[in-house]
Every structure is written in C-alpha cells, then in structure tokens.
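The first chain written gets the first letter, and so on, giving A, B, C, D and E; residue counts start at 1 in each chain.
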Amino acid sequence: MIKLYVNESLGFTERSIDEFTEVPKDRVVWLDVENPTEEEIKWLSSTIGFQMPPREVFGDIEISSKYREEGESIYMSLSFVVQQKDDIKVEPVLFFIKGRYIATLRYRDIPTLLIFLGRAQSQRLFFQFAESVFAEIVKIEVDRIGDRLEILGRRIRNLRKEILQEQSQEVVKDISYYDELNITLRESINEKLRVLSHFVKSPRVNAQTKRDIKTAIDDLSTLLDYTGFYMHKIDSIQNTLLGLISVKQNEAVKVFTVLATVFLPATLIASIYGMNFKHMPELEWRYGYPYALGLMVLVTVALLLWTKKKGWL
Amino acid sequence: MIKLYVNESLGFTERSIDEFTEVPKDRVVWLDVENPTEEEIKWLSSTIGFQMPPREVFGDIEISSKYREEGESIYMSLSFVVQQKDDIKVEPVLFFIKGRYIATLRYRDIPTLLIFLGRAQSQRLFFQFAESVFAEIVKIEVDRIGDRLEILGRRIRNLRKEILQEQSQEVVKDISYYDELNITLRESINEKLRVLSHFVKSPRVNAQTKRDIKTAIDDLSTLLDYTGFYMHKIDSIQNTLLGLISVKQNEAVKVFTVLATVFLPATLIASIYGMNFKHMPELEWRYGYPYALGLMVLVTVALLLWTKKKGWL
Amino acid sequence: MIKLYVNESLGFTERSIDEFTEVPKDRVVWLDVENPTEEEIKWLSSTIGFQMPPREVFGDIEISSKYREEGESIYMSLSFVVQQKDDIKVEPVLFFIKGRYIATLRYRDIPTLLIFLGRAQSQRLFFQFAESVFAEIVKIEVDRIGDRLEILGRRIRNLRKEILQEQSQEVVKDISYYDELNITLRESINEKLRVLSHFVKSPRVNAQTKRDIKTAIDDLSTLLDYTGFYMHKIDSIQNTLLGLISVKQNEAVKVFTVLATVFLPATLIASIYGMNFKHMPELEWRYGYPYALGLMVLVTVALLLWTKKKGWL
Amino acid sequence: MIKLYVNESLGFTERSIDEFTEVPKDRVVWLDVENPTEEEIKWLSSTIGFQMPPREVFGDIEISSKYREEGESIYMSLSFVVQQKDDIKVEPVLFFIKGRYIATLRYRDIPTLLIFLGRAQSQRLFFQFAESVFAEIVKIEVDRIGDRLEILGRRIRNLRKEILQEQSQEVVKDISYYDELNITLRESINEKLRVLSHFVKSPRVNAQTKRDIKTAIDDLSTLLDYTGFYMHKIDSIQNTLLGLISVKQNEAVKVFTVLATVFLPATLIASIYGMNFKHMPELEWRYGYPYALGLMVLVTVALLLWTKKKGWL
Amino acid sequence: MIKLYVNESLGFTERSIDEFTEVPKDRVVWLDVENPTEEEIKWLSSTIGFQMPPREVFGDIEISSKYREEGESIYMSLSFVVQQKDDIKVEPVLFFIKGRYIATLRYRDIPTLLIFLGRAQSQRLFFQFAESVFAEIVKIEVDRIGDRLEILGRRIRNLRKEILQEQSQEVVKDISYYDELNITLRESINEKLRVLSHFVKSPRVNAQTKRDIKTAIDDLSTLLDYTGFYMHKIDSIQNTLLGLISVKQNEAVKVFTVLATVFLPATLIASIYGMNFKHMPELEWRYGYPYALGLMVLVTVALLLWTKKKGWL
C-alpha cells in the first residue's frame, strides 16, 4: 500500500497516487509505502526512480546495506523501536530521498511515522526540502528512545530498592529482560550514529538539515552514555540479587544441617538403650530412664552451645 | 514563587518583582523561580523573554533538551545533587541566560543555590555578566560533588576493612547503596561535562566565564576518574564479601554434614543389636554390651581419623 | 592443483594452464591454487613471479606475515570463515597480486571463492584490474560474516527466552559455543581490518578499488560493534542461567534438608519409647501409645510452623 | 616547624629562618614546612608571598585544588606514598614555587623528601631554578612508586603459585589488600599525571625542567599500564581461589551426603527387624540374623556401586 | 664473559677481546656480555664508553630506566621471553648502541640471541649499522612471541572442548596458568611497544632501521590484539568450567539429600512399631507386619512421586 502525502502550508495533504503527476513541482512529496506489491514497486521505480533492494539485504547489519548513495538518490535503512505487548523490538524502515521526494518503505506499523504525521498536521509543518522530513522523523525517534531510557532508568532504580527488600527468582528474569532491552536500545542508537554520520557528510544534503542531524547525533551520544551506565547498574543489581538469594538459601540449609546433627547423638543414645543385650546394667537401674533422658538433654545442649560459640547458629 | 535579586557592590539585594522595571540597566539580575504559577510564567515571558519548555522536556536526558540557544538566550538544564535523608538524589534546575538576566527554575530546594546566595552576600561578590553568576553556581556544585566523592572514598576504604573483620548480609546492602550513589554521581558529572562543553563554545559567553567553566570541566574530569576507581573498588569489595560469606556458610554445612555422617554407623550398630531375632549370639555374650559400645567407638573414631586425613574436618 | 581463469566480457573462462602464454595481454587473469605441488609452485614462480612463503609463516598472526609488498607484488593472507558441520572455523587464503595477475593459494575448499566464481559468471562481471577481483572477493566474505552475525544475534535472542523457561546444563555448553563463535568472528574481522587498512594505503592499488575496500572497512567496523554487543549479551545470559540453575538446585536441597530435619524429633521420640529400661512409666499407661503418637505429631507440626514462619519453606 | 635550606655548590645548607634576609639573592631556597603554626604561616605570607589555602581544600580531589597559578606563583598539591606498618597510605604535600623559592607544606614525615635531602647532600646537587628542585622530588617519588609496583608484581606472581598449592580463607584477605594497594597506587599515579600535565604547560617553568617532567610523565604512563595488568591478575586470582575453595568444600559435602544416604537403608532394615509385631516369621528363622546382616550389606554395596557408576563418588 | 663478534660478509666472526683494537674501523661489532666481572665492565667503559647502570635499575619498569640516550649512545632494556621447564618467564637484556658498536648485557642464556647468531651465520647477514643488528634481534623476538601466542590460541581452543567433555579441578589450574602466561606476554609486548616507539623517534637511528622497527611495532600491535581476545576467552572458559563443576556437585548433593529424606518416613514407621508400649493394638494384628511394610512402601513411593512431580529428582 502506498500513501501519497503532499506538503503544503497546512501540513500534509493525502492524495490518491493516481493524482501523482498533478502534484505542483515545488512541493515536497512523501510516499509512505507499507508491504508493497510487485506492481507498486514497479510504479515507484518508474515515477521516482526508487530501486527496491533485494529482500535479504533488508535486515543486514553492515553499514553499506544501511547507507547508500546512487546518483542523486540516498538510500538509508534505520531500525525503529516498536513496542510489542511486553516486548521491545526494532523494525527496519528503508528511506529513499531524491530531489523533492522522500519515500519510506516498511513491513509493519511504525509508531514514529504516525506521530510524525500527527505532528505535521497539528503544527502545520512546512518543509522546503525532502531531507528535512527525514530529519524531523529522526528527531521524533530520538526523543522516543530517550523517553524509553528515562523509564528504564527509573525502573532500574526501583529494582534495586525492591531486591534489598525481598529477593525472588522472578526478579532474576526481570533483570535479564532489562538487560536485553538496554542493549537493544544501545544497538539501535549505535546504528543510527553510524548511518547519520555518513548522511551528514553527503553533498546531497542542505546545510539546515545537516545542523538538525548534528543535534540528533549529539543526542544519540548522550543516550549511548546512559545505556553504558545502565549496563553497569543492571550488572551490579544482578550480582547483588544472586548473592542475596544464595546467602538466604544457604542460611536455611546451614541452620537445618546443624539442627539435624544436633538431634543425632540423642537418637544414638536412645538406640543404644534399645539394644537387646542380656547384660545391660543401666536397664535395671531404678532411675535408668530419667538418667538416659538426662544424658540426651545434656549432650544435645552441649552440642548446641558449642555450635553457638563457633558462630554456626 | 519568583525571587528577584539585583547584584550590587554589596552582593545581591532582594527586591519585590513589582519593582522590576525600576532596576538600573547596568546591574546583573537573578530571578530565582520555584514552582512557578501560570501567571508567573507569563510574567517571565513578557519581561525577559523566557519561554517555558513543556513539562515533559524537563527530565529529558538528551543533550538537546539540556542545552539550547535561541536568539540571544541560552537555556540549560543541569541536575543538582540533593541529599534526602539517607538517599542521594539529583534534581534538575533550568537556567536561562539573556543579556544581564539569569533565571533559575526548579521544583524544590537546591542546596547549591542557597550556598551561592550566602556566599555572594558574605563575600560581597560583584558580577559584571549574568554568565558569571552561572559559572559561580557551577563551581559550587562541582565542589559539592567533589566533597561527596571524598566522603564516599573514605567510606569505601573503611568498608573493605570492615568486611575483612566481620561478614554480614547487611553490608551487601551498603555496598549496593554505594554503587548506586557512585554511579549517580558519575551520571551527574557526565551530564555536566556534556552541557558545559557546549556552553564553553558559545559566542554568547564572555572570555573570563569561559576560563572559569574550563576549570570546572577540568575538575569534573578528575572527579570522573575517581568514580571509575570507586566502581572497581566497590566491585572488588562485593566479590570479596560474597566470597567470604559463602565460604563461611559452606564451612558450617561441611562440618555438620561430616559430623552427622560420622554418627550414623554407631546408630546402625545400635539398631542392629536392637533387632528382635531369636538367634543372635552376641546378645547372650557376657560382655556383649561393652563389646557393642566398643565397636561403636571404634568405627566412629576410625571414620573421624579418615576424615581428618582427607582434610575434610 | 592450479586453475586458470581469464576474465572476459562474459565473466571468467577457465583455460588449461598450458595455454597460459596465449592469454591476451589486456585480460585480468585469476590463478586459483589448491594444495600446490612442488612443480606447480615452481611454475608460478617462473611465470608470474610468485614466491611461496615458508609453510610456518602461513598461520602466523603478525601483520607482517599477513601483508607484504615486494617490488610490484602484494602478498596478503586473510582468514576465511568455513562452516564445518557444527563447528565454525577460519582457514587462511594467501593472495598474490601483480599487474593483471591475481593468485589465490589455499589448502582446502573456501566457500567464498566458489560464490565469487558463480557470481562472476552469472552476472558476467568484467574487471579492469586484478585488485578489483580481490575487492569483490572481500566484499562477499564481509557479507557472509555479516549474515552469520545476524543469525547469531537471533539465536542469542532466542537463547535468553529459552533459559527463562527452562534451565538445563546443556544450554551452558551452547552458550560457551556461541561465545567461541562470536570471538572467532571478532578475531577474523579484526584481522581483515588490519590487513585492509594497509592495502588501502598502497600506491599499487587503483582509486576505485580503494573506494570499494574503504566500504568494506566501514562494514567490518559495524560488524565489530555487533560482536561487542554479543559479548555482553552472552556474558549476561550465562550469568543469568548459572544463577537460575544454582537457585533451583539449592531450593531442592533446602526443602529436603528442612524436611529431613523435621522428621528427626519424631524418630527420636519413637527411639526413646523403644528403649528397654525396666522402669518406664509411660509404657504402662493405658493411652501411652496414642500419647506418644500425639507427641510426635505435635513436635513435627510445631517445627513445620516455625520453619514456615521463618520463611525457610 | 619551618626548615630553611639554601642550595649551594655542596648541596643544601640548613640555616635558621632568622637568617632568611641574609641569603644571597642568586641561590635557590627550599622552605620545608611541617605542621605550621599560625605565626609561621604569617611569616611565609609576608616573606615569600605564600597564601595558605583553607584547610578543607587540602584533601580535595579536584584538579583546581591541586594545581593553581597565581601571579608569579604556582601552587601544587600532590599525594605521596607513605608506608605505615602493613598499610600503604598516601599523604598530600603542598608545593609552592615562586622565583627562586620553593616551599613544601605537609602534616607528617614524607620519606621522599628525606631521600631527596640525603641525595642532594651526598651528590652535592646544584639547582639553577626552584622548579628543578620540584622535578627532582617528583623523579624520586616516581622511582619509589615504580619499586613498590615491582614488589607488588612479584607478590602477585607468588600468590598465584600459592593458591594452586593450598587454598585458605586468609588468602582472600591478602588478595583484597593487594587490590586496594594497587588501586591506591593507580589513583596516585593518575593524580600526578593530571597535575604534571598542567605544570608542563606553564610559561613559568623553564625548558630543562619541562623535559625532566615529561620524562616523569612517560614513566608514570608505563606505571599506569602495570596497575592495569595487576588489576586483571588480581581479579583472575581471586576468581580462581574462590572457585577452588568452593569446589573443595562442596566436594566434602557431596562425599558425606552420599555416605550418609548409603547408610540409611541398612538402618531402615535394622529398624524393621526391631519392630515388636507378634507375627514376624523372619525373627523365628534359624539364620534370620545372618540373613538380615547379609541383606544390609547387599543393599549398601548395591547403592555404593550405583553411586560410583553415576560418577557421584 | 664478553664475546666479541665482528660482522663480515660471511656473518659474524668471533674474535678474542684482546684483538679488539685490531678490528677494521668499517665493521659493525657486537659485544655479547653475560654476567660481567668488575674488570670487564671497566674494559667496556674504557673501550666503547659503556657506563654500567646501577644493578637496582636493571629490573625497573619505568620507561626512563628502559630507554635512555646519552651523547651518541642509546641504552635500552627489553625483557625477552625465556622458556623454563613448564614455566614462561621474561628476562631483561640491556642493549647499548654507539656508532658501529652494539653491546648486549644479560645474566642468563637468551634463546633469541642464540637464534640470531645462528641465522646471521647461516644466512651470512651483513649489517651496515649497529642499529640494524638490534632491529634483527627484535624481529626474531617478535616472531617468537607470535609463535607462542599461536600455540596458546590452539591450546585455549582445545581447552574449551575439553571442559565441555569432562570437568576436573586440575583444569582450573591450567586455566590460571594460561591466564598468567597470556598476561605475561601482554606485559612484554606492551613494554616493547613503549621502548620501540621512543627508539623510532631518535635522530641517532638510520631510516632503514626505522622502517624495520615500524614493522615490528605493527606486528606487536596485532599480537596485543590477540592477548585481548585470549583474555576474554580464558575468562569465559573459567566461568563455564566453574559453573559446570558447581552444577555437577550440587546435582549429587541434591539427589542424595532427596534420597536420604525419602527413607526417613519408613524409618520413623519402623521405629514407631519398635516402641515398647504395653497397649499397641497393631502389634497383635495377624497381618500387622505386612501392614507396616506396606505402609512404609506406600509412604516412600508417595514421597518419591511428589518429588518427581516437583521436578526435584
């Protein structure tokens, strides 16, 4: 599906792609392409010269698959953060910029693009160049990553307080999830820094857009710092939690191992006086029974005291 | 609430904001704004041109939300260290500098601002530029962070001695708290380094203030070094503590597991001679009972000796 | 075995090496050498001036054994990723470039060379310089490493989900294997970065090839980033897994240590009333037996409740 | 206490401070100040223009408290390594350099200053500039730190051998001490690098002293490398030691847990034949007793064999 | 002992030091000094101007003790890798270069020097400058370190496979040894990089030797990379091994703790029916004994099933 947006003084006006040829030549045009058909890809090629890269290149991690200039055109692939129920994922979006055309190609809904469209309408944004549309979209994505990191920062802070109160195995999983989230954001920030540092050097980009992208690069650098801090915090919290759980479990084992051992001498004494030897003088004693019980108490108490003294209980 | 301070040769004189228009044009003016009302924000906008940023930008971690120039004005957001009972927190303060005006906007008490005001009065500080007020405030904050790190350094040093004397689970929590504190200070130092490195490049700032801020940047760099050293120390102390606790607990478990096992053969012998078989020759023996006891002692002692020899006790 | 490929407008044409002298002087010639005999090495030396380095230099890790210029010739040794059943290995390939000749020397099948040959034929690649052949081979290898890292990234992501569901010792081995694979790819990327950064500075290389190799260097740098992210993820997953396995095992030990201890007082009571003393009043009681059973239940329940209250069960 | 040393061709001559005005104007003068009184501080201020910094600045970690230029004067604060029984500590020394005067202010004995004085006398050192005195003192301190690191290196090497022979809890404490010592030296080296890199840029310092200080900076950089290597070694040794202790303790627990369990079936059999049921045919058997003992041996041996086979013993 | 080697077109010719004055002035002369006597040191000083540094400087780690220029002379101290039975050690060698003289001073056999002499003879090396002798020796040492790292790399790779097959405590010690070896090589590489980077800047060194030393520096940089990779691999293998050993030991403890507990209820039942109460109706039952046995089996089986269901066995 291709949506055709023409930028006018009141923001973007959606048009049918059949009206493409009628668009005034001085307007910036945004073609938002989702899950294109073969036919649509051919249409894009013939009208604006967009050459679809082979599908396997789409998820490539090399920079040459993510940033490419060809003649007048710039191709860029950037991964955008997408919330998915509990999970954070990144989803690639392919940008194509040529003259006054900018196309965005993707295979699912990208929140940042929706937000961009909304803002362009409500603030009636006017763009002189197609690159400025790209810069504005990048700015919104950087803001979104920043917000997510701020939330993550608060959660990590709370997590530390939580684990000092109560240690449960479930929290180990939360920590692992935060670590994955943090490093996913770090990867995504790093990718943007690489792509944008190429973009900003291109002679095809105007000066104002370069200034905007440089600001985005500065922002991404500070966000990268934060993911570094969070890596350390998550690491430290995990070590503390596993340490505390281990200490707590071992404590129970220790106490009961000691208690079990403390009962054993008394049981041995009882077993001894349960033997069936013919000649066992104590069995005949008037106070044999209380004597045996006393012996048990004595041995047990002595053992307990020794244990306490050794600091084992 | 807005407080209006006019810098004169005797430090700052507090004035009512109704007298704002009467302030001589050659004086540096400090507007200290806490929890402003809608009306106060409008007043700031109309008198000194301060445009309140949207509330959600206030806690943003991107540098473009923390440092912004607009026309003649500079907007900066810096987080200030605030002691809160046992907890260390950081609280953002928004700075606005334009010509001879400097405004500080915040939502709670900031110790550094109080100290600054006190020092300006007692030392009768005179400021030629509004930026110099900012530089002085930064200098005080850097000193405060330095002092906190010095205290933290001493505590960490003591902590190491402490854990070698006595290992308790409570100390695990102290260590986690110090790690949080250290990394919070590290974040705050890093933020200041980023903001000030932009500030120092601005053509809107005079040469003397630039020199002062460069000194602050040098200081923050040394403080950053220290947080690095402390990260390592805290890590190492935590590993040592958890190692020692684990060794100690396991030792108790080992000793009692061995002891419990050592009693079992004697108990088995006693149980054997407690069986009710008709034909058990030992039961008839004259010295059956002492023989059984002797057997128990023998087996137990043999087991203990073997254990000792193996290095398990 | 030496295969002789002559580059023509339809890709490479394989020729017998006996026809070597008949090859037109304006064609790029690729000599693909596998497991050469003494004789073949002499032939290479006399025809294109290739001097076989001593065998022990072949696996050397120093850069001077991997990149060498001699007169008009460039010698390069690069390790290529080779899948071997479950295992990933790297295998060195020696490149020799001189004028319009490029030779590749190796001791086993190298998938990248096969892919290169296939692509040259199907896309009918024409090369003006021998270096361009090298650049194309490097490009294919970089793509292959990138693909492997993408697969590894997905597997690591799945691994995290897996270990949060079920913890088994087998996964510890998978993690160790992924760590080895990741660091092997990292070594191989690093080696290529070193060799190519020398190659790109050589005056013997034409400008277009330099641009291609610079793109490969950019790509390798992004791939290096990813191995860094994966190192951290693997580390974190291993810590989480070992932590969870340990917590689970300790839990079983704790529960059963507690249970075993809880049975012991009842056993002691039974042993006591199994003693054979003449004078044991309880034995004569009408309800001695139920009283003893009741005592056992009471003590056991009390112990269980205390344990629960302490949070040990 | 102030000691006045005048540099002459035969080293330093100690003079009473009352003779201060009589010192020839072409001599370098060293004022060594320990625990100064109020009066002495005033004397220093009036004669050589030394302004005592406030006491709280003395232990400050910011570079601006450690290096300051004022008019013709340079103030520097450097921490010197001081052996204290078993403990290594650092102690700040304040340097003041102005024209031909150098003052050192401190609150306890500093070995490096004593060594410097001794060497100046024995080698009859002649100094043309006051800065050269500072450079010579720094050189001695750098040598001392180097020597300490060499000793630490040897001890760490021995420690590794030691822990592979015998694992004791005491060594955990040694390791923690070495870690503290190493990081303390690292902090101290880092501080010197920061201060000296400012000093070397000062226009107040002559060329020869700059060359000497650059050599000291080179040396400190190599020493910093070593503290890095030692950090890694200490870390690795601690992990190995804790691992080995844990393995050893767990081994004992495992062996005895297995042994204890192996005894239990025999005990159960004995308890069964100790039951008092009227109708227990085995009790009447002629060979009931040997049969029971045989059963016990059989079960125990079977359990032991199974355990061995499973690799648990 | 001093050996005098004169470089001629056929390699080095050994001469008696008495013939020193007769050596033609256009020949490079190598003086190889081992364990020199007082007299020999004086001879070196008077003939070639070599000033013996004080013994304590010999093992110094500061760069100023390792690289020094004095007048026309260069003094360098480099540590050379020496195999010693199972152990890898480094041994310092002092180089002195002045005009056409090069001296090497050492206190034990250095394999690299022997290899150098052998190669000079067999390849009939001719040296135009004394520095070229040094460059050739360095090249051989760098090759040797490279070879050792290649062997270490293969061993580490095998180690990983080994620990996944079988986990033993002995391997913990092997790993610790490899870590020591790797970091020792890393220290030695780092030292050479520092010394050579000074050497290469010296105006006393000719251009060809500088090019040779720059190649050595490139090689050492790649070797440094490898020690970094190995550090990570060793770390990861150690964590995996300790994790696997711990899991295996805990598994045995868990299984037997569970088994032991599973026996206890049956033992309790047997003890109960071994009590001597007058009134115990079950004891009189016709099928009391089988009922008791059945009860034991029932309880034990129930417990085992519950354990299985909980996943503890």
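In the analysis below, contacts are C-beta pairs under 8 Å (C-beta built on N, C-alpha and C of every residue); 3 or more make two chains touch, one makes a residue touch a chain.
For each chain, UniProt lists the protein as follows: A, B, C, D, E = Magnesium transport protein CorA.
All values reported here derive from a predicted model rather than from experimental measurement.
Q: In this assembly, which chains make contact with chain A and also with chain E?
A: C
Q: What chains touch chain C and also chain E?
A: Touching chain C and chain E alike: no chains returned.
Q: Distance from the CA centroid of chain A to that of chain C, rounded to the nearest Å?
A: Centres of chain A and chain C (C-alpha means) sit 24 Å apart.
Q: Calculate how many whole Å lie between the centre of chain B and the centre of chain C, each centre taken as the average of the chain's C-alpha atoms.
A: 39
Q: Give me the residue numbers in chain C that touch at least two other chains, ranges are fine.
A: Chain C, residues with two or more chain partners: 246, 250, 253, 257, 260, 264, 267, 271, 274-276, 280.
Q: Considering touches as defined, can you lay out the ring of chains in sequence, from chain C by way of chain E?
A: C, E, D, B, A
Q: Would you pull the chain B residues touching chain A in the complex into a rising list?
A: Spelled out, the residues of chain B in touch with chain A are 59-66, 169, 172-173, 175-176, 179-180, 183, 186-187, 190-191, 194, 231, 234-235, 238, 242, 245-246, 249-250, 252-253, 255-257, 259-260, 263-264, 266-267, 270-271, 273-276, 280, 282-289, 292-293, 296.
Q: Okay, in this complex, where on chain B does chain D touch?
A: That would be residues 142-143, 146-147, 149-150, 153, 157, 160, 164, 215-216, 218-219, 221-223, 225-226, 229, 232-233, 236-237, 239-240, 243-244, 246-247, 250-251, 253-254, 257-258, 260-261, 264-265, 267-268, 271-272, 274-280, 312 of chain B.
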